[in-house]
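Some notes on the structure that comes next.
Chain nomenclature is as follows: A, B, C and D, assigned in order of appearance, with residue numbering initiated at 1 for each chain independently.
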């Protein structure tokens, strides 16, 4: 239970987090959404605002998931979910698909995260707790290659530890790559001076946010 | 007359040797050459290095090849799957070597092998555990790591259409690693859903030209398995 | 609604600055964006570096751009042509810098720029005058030279079909350098023979996806000039 | 005029040189033919022997030149001549086309030459006499990248100087790359021991061939 000082604030749900990030994506951007909550962002971009979604496995111009009885088994996204293709979509092979990522052609990538540090470092692929082989997929390519990297994640772990940190403790995905973080508590920009708060969950005070955050925060 | 179409799985698999590096197409179940993988299991080559995106699901296909002790090393980006039981038990037991490679680097290393490029620089993995021990260099103020080509002795590829010259098309997201693996291997073996007459494929619509293909087996298996 | 189709040459050429590096598609007269080249002449940018396969024929197009003193440097593989009069006189007079690059290295350097690869190794030009002064390195007992990416500020591209998202197809050997130049430049401007509705191009048949394209101008000029 | 000792020998014509080289190309090879005499080789491969001709500008499966009234202006070869496409032919972009060359996928390349040395060095792109800018095109890529490099050229220059040499004097195209030379006088293999004569023009003696050759020749 939250302590009394912040009893009134309401953290964003996952759907609200996805919707919040979706608001900031303008028409015309080429966007790659990571597995998990980031994938939900697409559902919150109205189809009349043309945003072109990319998937690492060679799909450009992804549409929403199909109804179960209209699944095309040849068309999946990087999370291996069935998807659709919008008019204007196209298919390429893996090297061409990652050329889009690594060559800086993707305007925005949104990934999940274990930790984001105030210097923009991201850790999102391996934890020391993980004793089986870690899996990296396309996370390092996306983090290093996209024009902008945003992270969408809970502000704290289940046991209350801040994921918005001074320095990452988990193995890094990329160095100094994150530009913005969307959590259930706030929207934070990564700047040369550190994290700057752009937005907070309704009812949350800056002090209460700082209390739940490992990194030092600056008011925006 | 050039005719790359083979009539049996035995012909498709002929000459694959112990110790070979085998590139295996597909991303998830889509574009994965399942029948050729079963053919390789049947054929018997062992001490294999396999390069592919995922390290197998359940106990069939690639997982079965590993389970039979035929794989020495896996080069992949995402060993996890919905059911990675075989990979994980062999890996924990120290019976399988893993080279974990970022997915884009994996793809680019194979494309490089096919294009005569022994090494290249990339920003991916700089400053991370997967970049450790690799040569780094600055270009225009940014740091890059050097990565080397990943050539295969054999590539197993799944295509949608093929003709007797080995020209290929792919279906939707079934394209994935298949065209670059075809380029990267000394021996490229294809299973194709459809065999078409020479000239039926539009010259502008061929995705993998036959120069990258050695053998084609007609395997009209229908849709890929759902998950 | 995304609409990359521009209605005038002035819009197509807007913002091209003095000192820009301009990649110009085509091989011989085929796939060459002649109207965009004329548009660039009209637009006025100077002190240009141009990268293309050939250094112009006669006194029109690229040759005219050079003749007007607007080009500082040419990066190409084959400055000779049936009538290279402008290039040769400027070059002899020391008014034009030439970087001569083997054709495959030229293509690969642009593909590298588009794919985020700042440098790569190749066997081409090892031990020759064009490899002189370049870093060399051995891989598996063979010597290679290091070559760097060739990014453009602008690419001028000729396509066969285009839609409002900038998806492109090319006609026959008109494809040549166009797709890799589209990848390699910050601003990619296309002249297309045909404009089609979104969705008219088959998803498997798009050669250059719109992500590599910024502006499309409809220029239905018909067949390329014969020689 | 030839001297009396060799009065009876008959150098091959250009057509005969092309035909001689064509004889040695088996079905199924992917072959790139350089500008000039090498291009003529294609005319001497019977169409029922399927040899797949490649052109640097992204054409695989080239057929013969079309009749003048059936020219397709979109279909040229690397020499900028109009060609045709055989059934099974395809088009790729320049980087993919040179991947075929540089990745060792072309079974054979036949180029013209200024000089070929006994160590396999080739000079065929620039001469010191050449005071305008030299043009290299795809010659260096082809020479370094093809599985086999053959050279098709006159045995001597117009003024009688041997083009089959101990060491090249012109700027090199590639080092140690040539495997075989077809001239109007002989067919020579490049071996670790030097040039080995495989075939000679009708009526020509080994001694007379050696007399016209700068490099030391070995009998095959």
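Rule of thumb we're sticking to: a contact is a pair of C-beta atoms (placed from the backbone, for glycine too) under 8 Å apart; a residue touches a chain by one contact, two chains touch by 3 or more.
Note that this is a predicted model, so its numbers are computed, not measured.
Here the chain-to-chain distance from subunit A to subunit C, counted in touching steps, is 1. Here the chain-to-chain distance from subunit A to subunit D, counted in touching steps, is 2.
Centroid distances built from C-alpha atoms place D farthest away from subunit B.
Here the spacing of subunit C and subunit D, counted between their Cα centres, is 29 Å.
Averaged C-alpha coordinates put the centre of subunit B at 33 Å from the centre of subunit C.
Note on chain placement: the centre of subunit B and the centre of subunit D lie 36 Å apart, centres being C-alpha means. Counting only residues that touch two or more partner chains, subunit B has 108, 111, 115-117, 122-123, 170-172, 175, 203-204, 207. Counting partner chains per residue, subunit D shows two or more touched chains at residues 85, 91-92, 95, 98, 101-102, 145. Under the stated contact rule, the graph of chain-to-chain touches falls outside the line, ring, star and complete shapes.
Under the contact rule stated at the top, the pairs of chains that touch are A-B, A-C, B-C, B-D, C-D. Within the complex formed with subunit B, the subunit A residues making contact are 55-59, 71-76, 80, 85, 91-95, 97-98, 101-102, 126, 131-141, 144-145, 171-175. Listed in rising order, the residues of subunit C touching subunit A in the complex are 1-2, 111, 113-117, 163-165, 167, 183, 198-199, 201, 203-204, 206, 209-212. Across the complex, subunit A meets subunit C through its residues 27-28, 30, 48, 50, 52, 54, 60-61, 85, 87-92, 95, 98-106, 145.
Within the complex, the subunit C residues that touch subunit B are 108, 112, 115-123, 137, 139-140, 142, 144, 148, 169-172, 175, 203-205, 207. Interface residues of subunit C, counted against subunit D in their complex, comprise 27-30, 77-80, 84, 87-88, 91-92, 98, 100-105, 107-108, 110-111, 122-130, 170-180, 207, 223-227.
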